[in-house]
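Here the chain labels run A, B, C, D and E in written order, and each chain numbers its own residues starting at 1.
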Amino acid sequence: VGCGAPETPGDTSGDTSGEVPQRPGRAVTLNVLDVAGNLQLTQGMIDEFVSKNPDVISRVTYSKAPAPELAGKIKAQQGADRVDIGLVLTGVDGLAAGIEQGLWVDVLPAFADRLGGMQNYLEPAAAMQKLAGNAGVTVTYYPSGPLLEYLPSRLATPPTNAQALLAWAKANPKRFQYARPANSGPGRTFLMGLPYILGDSNPKDPTAGWDKTWAFLKELGQYVDYYPSGTTETMKNLANGTAHLIVSTTGWDINPRVLGTVPKDARIATIDGFHWVTDAHYAVMPKGVSTDTQAAVLALLAFMLTPEQQAKAYDEGYFYPGPAVKDVQLTSAPQKSQDAIREFGRPEYDALIAGNPTEVPLDAKSLVAAFNRWDREIGGGKVKQG
Amino acid sequence: MSGSRPGRPLTHWQHRLAERGIDRQLWLLVPALVFVVALFLYPFFYGLGLSFQPTRGGPFSDYVRFFSDAYERGTIWITLRIALPAALLNVLAAVPIAYRMRGRFRAKRLVTTVLVVPITLGTVLTAQGLLNFLGPTGWFNRILLATNLVDEPVRLTHNYWGVFFSLVITGFPFAFLLVLSYLSGIDPTLERAAATLGADWRRRFTRITLPLLMPGLATTFCLTFVLAFSVFPSAVLVGNPAGETRVISLAAYQAAYEQYDYPYASAIAMIMGFVELVIIAVVLAARSRFYTGSTGGKG
Amino acid sequence: MSAFSRLRLDGVSRRFGGQAALTELDLTIEAGEFIALLGPSGCGKSTALNCLAGLLPLTAGSIWQDERRIDTLPPERRGFGMVFQSYALFPHLTVRANIAFGLRMRRLPKEETRRRTEEAVRLVRLEDHVDKLPGQLSGGQQQRVAIARAVVFEPSLVLMDEPLSNLDAKLRLEMRTEIRRLHQSLGLTTVYVTHDQEEALSLADRLVVLREGRVQQVGSPRELHTRPANRHVADFMGYRNLWPGRVEQVDGVRATVGSSGHRLVGEAVGDLRAGVDAVVAVRPEDVRVDGSGEARDALPATVEVVEYQGRELAAEARTDTGLLLHLRTEQRIAPGDRVTLAVDPQRLLVYPADAAQPTDRLADVVEAAR
Amino acid sequence: MATITEAPPTPSPARTARRRIVARPAAWIVWGVVVFFFLNLLGVVASVLVSSFGQRWFDTWLPDGYTTSWYGRAWEEFALLRVIVVTLEVSVLVVGLSLLIGVPAAYVLARRSFPGKRLIFLVFLLPILMPPITYGIPLATVLYKFGLAGNMSGVVLANLVPSVPFVILTMTPFIEQIDPRVESAARMCGAGLRTVFLRVLAPLLVPGILASAILVLVRTVGMFELTFLTAGPDSQTLVVALYYSMSASGIRAQQSVDAMAVIYTSMMLVLLVVALRYVNPTQLVARVKDEPEH
Amino acid sequence: MSAFSRLRLDGVSRRFGGQAALTELDLTIEAGEFIALLGPSGCGKSTALNCLAGLLPLTAGSIWQDERRIDTLPPERRGFGMVFQSYALFPHLTVRANIAFGLRMRRLPKEETRRRTEEAVRLVRLEDHVDKLPGQLSGGQQQRVAIARAVVFEPSLVLMDEPLSNLDAKLRLEMRTEIRRLHQSLGLTTVYVTHDQEEALSLADRLVVLREGRVQQVGSPRELHTRPANRHVADFMGYRNLWPGRVEQVDGVRATVGSSGHRLVGEAVGDLRAGVDAVVAVRPEDVRVDGSGEARDALPATVEVVEYQGRELAAEARTDTGLLLHLRTEQRIAPGDRVTLAVDPQRLLVYPADAAQPTDRLADVVEAAR
């Protein structure tokens, strides 16, 4: 046996590459891997599909993994010619990493006719779909952030522009927090949103076009105690008073308050001139799954993109608002979801979403470059290198 | 019947092999050998081979890459800075406590049993507990604040100290139980003999017990160091994985599963193994300077 | 480390948990004496020695060195030397360092430590082995290191806990003589623990026999050998013939006992009256093989087993009434021979029988099974 | 005979007992450190436990209210039934296989001397000496390459790597404790090799086999790194699921993670209690012969 | 399991690594004999026994049971019984199951197994203990189980490896007699390993003395006792006085030796001529304490050490020329007494001195150190 790295997937065996039937010949067992926390929104849809179509999907398993591991896992399975994950739910990062490695089946344009719902995307969701290329299917969408979050009991008037934020952080050292962007949605939204706020030369080019952003983060870093490795930690710190001002998104604002991890009276603030850096979750199929499974997944996705199912994406504000297609009303969401949003949602979101421009996030390569630079210069900069 | 008596018949070949200790019983080793070769040695050498086949450059370029990048190279220092003091503290703290408890006393089984608990908790649960307990509003800080020992919560998690405590919580009981067993292996009559020869407890300890315990301490240090050196989940969960606790196993993990660069990951794993073996070799070399024979233990 | 003229144990007792290991030991040891503590396994010998050494706190009683009470002193301040059963040599120290240890602890000048160590090394003739570790020595050599280590600082009392039990028979004999010689030549005071009565007899000036933590008898070797205080001591001291019987008549120190149909006359030891159960004790070497069958106490018997023992034979013979006798003789007898046996009344001791303790001897049994 | 020449003062019991009662300051320090350690340990475990029952817990000593609902949530959210079943399956397989492979090898290594024994022993020792990540990454790579990772077989195989040597190390003292003359005696009574193994050795080794089985079980349930590197969606064990629940994306209530941690701990504690019925605590960490109790 | 009439060891050798543990052992054992293998620790006794049992493969040589070669048979097919030093009872089996084990292995009918086991249990009188586990028995009882287990299937040969060495002195004496009795009553053939010469003398019909893996002498107890074949055997058989000297004259079996200025006359054993170095061997019990100082061979001496040994005293005395004598006497002598010692020429053996083997005796040394 030669000593070489696991090969990139080459040929796939017979039943994985042929014509994809409309319905699977036999009900399949579907393994779903979630690396984006998306099941929170979509598991109800999938379960409903399975219970209504036992002849298509007889059993479904769910598993979760951190996004960075996704590509390695899939690649290894493909290398071994044993792909048992039929559906991956991922964010932009995992999707892009897979595209670069050639891991995903191109759903478009081949199966566009089976996924009618895709014609119906909200405008920013359609932009997110464009970013995904031919591999991913947008299943949920939210405008994300960057937002600032605080407790009025600890902070009366939050800063409203970048300089004020810097000044506030300087005046209140260790009280401003955001999590390591590579591990945190709000963290990365903040990172990608700053060039718009600061007016950098090219917000899409972290290497050459983000001079103001990097300088700003470096200066801000002087007043930051540490960068937690997950958003949850920043939320916890906000709740217990260690941090007074943290970075957030619409979902991270509402859902933790529903769960009780953050006090109900927490408020959000925005920075003047901010653009929404939108976010979406995608469904992808790894290359190497059988054609039967592909057929089943396509049927499932079509089902998930119907407005009735999309209403479930309101959830408890986890990915607020959540639905990726047009004309999905909160009133068609499950009652529990409606109750949560009524109690913990914010009326001002409608205006904020309508009144601020939306931007798609960085492409994967640029994002990795931005993360890498952030890790070395901002995150790792706080440690002396030996 | 003198004819039936062959002069000095040749000894059977089985006897000859048996004289050297080789016989059919050795077949019992085969499954374990096959296993260790297939699942340990082969992957290990596979990894070694892989580390010399980088995606770019000559056979050594991944090693060069690691050592020429301060961010990567620094992980060695970061790891040692956590693992060495933690292992040292675990061993040194274990000695006086084990020395106190080496005799038989009523609560001994209870104490040792309670000490085993953190070993079984594992690093992940310990991490979760530490985050809760040592966090800024955890009980530990609340007590410090309530007793006016500090004005502001001490930050003990998501940094060096979080990882350090995690290593102490899982490593100390381990070290303690090992040291205790080494101590029980030293014949208590030796100390009694020293007492009748006029040695007070201090000199009984320094002249008799400690020298005899040193090899055991060295072994204990090696084992706790190995545990500490491979710190991975706690470095992520209670440490600051982007910064001061970006340990070398994390670098290897990221290379493999975030950058999909298996040769580079293997190179880092090999460097990691090498650094660890160097430390162990140094300790074992020092150990060999002590008396390592039987200590008359009854064990 | 001051020498003393008398060491006194006064009611020394030690319990483990609820169990008494040593009960009310009273003993006065004169300077220069060689005392042996003797008794079967578990009788409390080591306990007594450890109490004396200070390695085991007393439960009750006190120990006095002349007028000074010492039972509250830790072992290192009593200044006694001790030789342990398994030597307890420091395995990481050379022979020289082992022997010098006691002197070092006393912080003697370097030069004197060296000189006295050399002297002790010569004393036990280990000049060629001073730089070896104990693990490289034979059993007998280790034994000598242990002795040298214990005597090098001239302790006022040397304690030895079965120091010869780990040696083979030949070496044991040699070392035994040496211990006695060292004791005499260095003018030591020695307390010696053993379960080997022969060893105790040959070494000690005075013997203390223990049983279940209690002193049974204290006396000279001759006293112990010829007149054990009770049947347990007799059993332990080699009176292999122990026959149950009933006292027929007591006449001063002379008792007549009926046993298996024989009438035996011997010395009464302890409280005896006619009609009570008794135990008759005789050593095998005190059973005579007489040619003449006419003596009054003659026991006609058949030889059953004969063992060659060099100059002598050890034999078992059974009288016609079934009494089994162990005997030693220089006469050439063989299994099946008819012999007449006799025991000198002065060599036959009669003890009151105490609470039943069956003589669980395989010998009797196999006979019964035939 | 011993004679008492002068009447000594009757010893007061207090005098003989005195030395034992007064503890030295060193003892106080040592016990202080031990107590401090245990208190913190208790804090670590208890804070997880309390939090798992807390409704909301911000900047206060104790939660606002109590509920058991987090357990239900954790059970469903993390599909714990499936995870626990997998954990048990993996553990039982690993225990069985490592005993099957390890015990015969331990027998040979404990009893026999032969050329190359030291080398073989070293090779068996290495997997325990090396950090799991060091060989875990190449091992996972190889296993994936042969299609053996990402599912149960990979997890089992990877966990065997430290388990087999561990069985060998724990069984060795048990085997050494059996007098080889007992085996010889059986053969002299007419028993062949097989009979010796089945009728004499096996019954005598039962305590040792139980001990090492339980130790391997505890270690496998707790083994994070190797399982993490080789587990697939269907083959996560409880520790790995716990790690993911702490670090994977998504918004989760802290308390449901705590609840999961409590479930994990309870499982470990049950195993531990069972283990300690058969094993001296010191044996959980190393190959240590039983302390002499007498 | 067939009985044999003769068992022959032919050049049986065994090496461990490069080291010879047993070299060319030739021995013929007749049915019914009791053979003792005797020698110091490490001389190869156990090795010989294990080779015979089949527990250790030979390096060379062969073993013949009448005309059948058996050294290639595994132990379970030789049908010998064996009693091990520490009994080696099966700790998980009851006494009954232990004893029945050998019968079970032979797949005897249930009823017969039961009957023969009961018989063996009665033989060693363990009726009350059949359902106990070995751990609940005393040393002597365990010993009996081991013997019963080894003899229950009526082996053609019983091997015993120091079966008494773990027992205390008193029990050892009793069990010794029992082993002899069982051997006789069951008509066994026995090979018995011991390092205790007294045990070997008292038990065996024939003794084989080994030293460093080589046979030194084979003979009856009396031959061994009175006429050891060389100085090593003499040393081992209790000739404690071994004096170096030079042969002055050899006259048939009578040799005259000069040693420390004395002229000693004794029996020459081995190849001796005038002028060669010799060793004179005398047992302590053969040194006479004579009142008269006139005898031709009289050795005037001063008593140095005296040990009480019951009926006798053991003593050391040194002649004026420095020769140290060990002696045993019933006379009452004390250290410092002047005595005249003599040795019967028939009891004094003269051996050629071989390659230097210093008599590493602590006794001489302490003397030198004074």
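Rule of thumb we're sticking to: a contact is a pair of C-beta atoms (placed from the backbone, for glycine too) under 8 Å apart; a residue touches a chain by one contact, two chains touch by 3 or more.
Here's who's who by UniProt: B = Carbohydrate ABC transporter membrane protein 1, CUT1 family; C, E = Putative spermidine/putrescine transport system ATP-binding protein; D = Putative spermidine/putrescine transport system permease protein.
Keep in mind it's a predicted model, so treat the numbers as computed, not measured.
Chain centres were defined as the mean of their Cα atoms; on that basis the chain farthest from chain E turns out to be A. Annotation: A-D is the more contact-rich of the chain pairs B-C and A-D, by number of C-beta pairs in contact.
One inter-chain figure worth recording: chain C and chain E are separated by 25 Å, centre to centre, where each centre is the mean of the chain's CA atoms.
If you average the CA atoms of chain B and of chain C, the two centres end up 52 Å from each other. Chain A and chain D, compared by their mean Cα positions, are separated by 39 Å. Contact of a single residue of chain C with at least two other chains is seen at positions 74.
Looking at chain B, residues 46, 50, 137, 236-237, 256, 262 sit in touch with two or more other chains. Of all residues in chain D, those touching 2 or more other chains are 58-59, 141, 247, listed in ascending order. In the complex of the two chains, the chain D residues touching chain B come out as 26-27, 29-31, 33-34, 37-38, 40-41, 43-45, 47-48, 51, 58-61, 100-102, 104-105, 107-109, 111-115, 120, 123-124, 126-127, 129-135, 137-139, 141-143, 157-158, 160-161, 164-165, 168, 218, 222, 224-225, 239, 242-243, 246-247, 257-258, 261, 264-265, 268-269, 271-272, 276, 281-282, 284-286, 288-293.
Of all the residues in chain A, the ones that touch chain B in their complex are 3-6, 68-69, 71-73, 75, 101, 180, 182, 225-229, 233, 236-237, 240-242, 375-376, 379-380, 382-383, 385-386. Against chain C, the residues of chain E that register as touching in their complex are 40-41, 122-125, 140, 144, 168-170, 173-178, 180-182, 185, 195-198, 201-203, 221-222, 225, 235-236, 238, 240, 285, 304-305, 307-311, 314, 316, 335, 360-363, 365-366, 368-370. Listed in rising order, the residues of chain C touching chain B in the complex are 53-55, 74-82, 84, 86, 88-92, 101-102, 105-106, 133, 135, 149-150, 153, 159. Those residues of chain D whose C-beta lies close enough to touch chain A in the complex are 55-56, 58-59, 79, 82, 140-141, 144-151, 232-234, 236, 244-245, 247-255.
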